[in-house]
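Dumping the structure here so I can ask a few things about it.
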Amino acid sequence: MSKHFVFPVKIFPDDTDCFEIVYHANYLKYFSHARIEWFAALGHGLHDLKAKGIIFPVKHADLEYFQPARLGDELEILTTVTKLGRVSVTFSHKVRLARDLDSIICQGTVKIACVDEQMRPRKVPEFLCQAFT
Amino acid sequence: MSKHFVFPVKIFPDDTDCFEIVYHANYLKYFSHARIEWFAALGHGLHDLKAKGIIFPVKHADLEYFQPARLGDELEILTTVTKLGRVSVTFSHKVRLARDLDSIICQGTVKIACVDEQMRPRKVPEFLCQAFT
Amino acid sequence: MSKHFVFPVKIFPDDTDCFEIVYHANYLKYFSHARIEWFAALGHGLHDLKAKGIIFPVKHADLEYFQPARLGDELEILTTVTKLGRVSVTFSHKVRLARDLDSIICQGTVKIACVDEQMRPRKVPEFLCQAFT
Amino acid sequence: MSKHFVFPVKIFPDDTDCFEIVYHANYLKYFSHARIEWFAALGHGLHDLKAKGIIFPVKHADLEYFQPARLGDELEILTTVTKLGRVSVTFSHKVRLARDLDSIICQGTVKIACVDEQMRPRKVPEFLCQAFT
């Protein structure tokens, strides 16, 4: 099982603002999409997990912005797990240009909790533990 | 009871795109905010209506764009009811610059249905009928 | 040259709202992405067109909503040109579930103008005329 | 001159997702709005600053999420300056329910750089230095 996941993002006008760069809040959205697609690639769609009462709210996020992305840019989000807790998982997300994998647009760390529908902590599902260790 | 409602919108960077104008889809959001705040002004918060199983999905929308709005612009959404059906309501929304009420940025018509939690049609609540007739 | 374009959209949490359905304004965004990717497939990235001073603001949009899309749904946007003017193009967009191509989620018509950087009308570029006729 | 700024935010459906809570990325947007309105209250609209070539890209953001906000909630963003550098400013943003000022929804730290149109560092404008010291 691979220990990282690469997710592509293409920049459309609605990703950008009047400064002609990607609006800074959007990277959190791309990170979230990358995690969700990773889960899906492991066989677990977010809607199936939700139906089973397994929910992953974000508890902490940290983002560093290095250079702006712009209209038409094709980005890659490189995601790894940096900490696997009993009831939380911490991810690292690196954003780079697909045409220059040595570039660095933005880097983020996101900690998600695992909770049930009443927002009570629950054990991280086995499929994630197996995939990430 | 007044038969129209005026809702202010200020344009922030996230409202705009790299063409330095308000992204066209956002006007549907402003229209929705205007309707919700009108309902609230009539004493009915959307969350209270939702808790009672009264939901208003959009069924049809028509927008005409006249001139772009830009960063820092203060807009006014002038909303009226143009048709009050048994299980639907049609609104007209006119967007103009607050500093020039003769301007016209965008104009829209939005038809909302009234449904219950299973998306079955239900009668438009009395508070709306009274306000709009 | 094909006279239609199929664009896939996957529904993430940020596409939805607390009524657990796709927020109605987002379909205008998916329509826009579909047009942009069609242009790109014809060899013309939106950023290249923008750099040449060729801009396509939306002038009119009409949307009819048939049934809601939800978290995890995979949609297809089927796009055709319904009218090719000298300085404008009108598109039809049909949204259906990828798993049921007979379904209909939403249907829209969007008219875009072709303008220069000063928002003055300009002729629709040849590559579009050739592709759409 | 006050050393803090209070900015109200009301939660609409588009702020929330299918988990019926405010989508986590949106808090960065509210923080940005709070800073912009503070600048405006100090006499400097963002569009005026942009026209003068004074731009404030976000360089770093850190968010901690304590409890979710929901449809209809009225929030207050309490903003202070925690560090005033020569070419950057760091803000603290606390999000609480307007109806319970002892609550804590989310807390964030955002560092913005001051740059010119070519993204080169420039001195933080005097009006900010005076307001924040």
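Letters A, B, C and D mark the chains as written, and numbering starts fresh at 1 in each.
Definition applied: a residue touches a chain if its C-beta (ideal position, glycine included) is under 8 Å from a C-beta of that chain, and two chains touch if they have at least 3 such contacts.
Keep in mind it's a predicted model, so treat the numbers as computed, not measured.
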Partner chains that subunit B and subunit C have in common: A, D
Pair with more cross-chain C-beta pairs in contact, given A-D and A-B: A-D
Furthest chain, CA centroid comparison against subunit B: A
Subunit B-subunit D separation of Cα centroids, rounded to whole Å: 27
Centre distance in Å when subunit A and subunit B are each reduced to the mean of their C-alpha atoms: 33
Mean-CA-position distance for subunit D and subunit A (Å): 23
Of all residues in subunit B, the ones touching two or more other chains: 13-14, 18-19, 21, 25, 29, 32, 50, 70-71
Complex interface listing, subunit C residues touching subunit A: 12-14, 29, 32-33, 36, 45-48, 50, 70-72
Subunit A partner contacts - residues on subunit D that touch it in the complex: 18-19, 21, 23-26, 28-29, 32, 50, 55, 57-65, 68, 119
Of subunit B, residues touching subunit A in the complex: 13-14, 16-21, 23, 25, 70-71
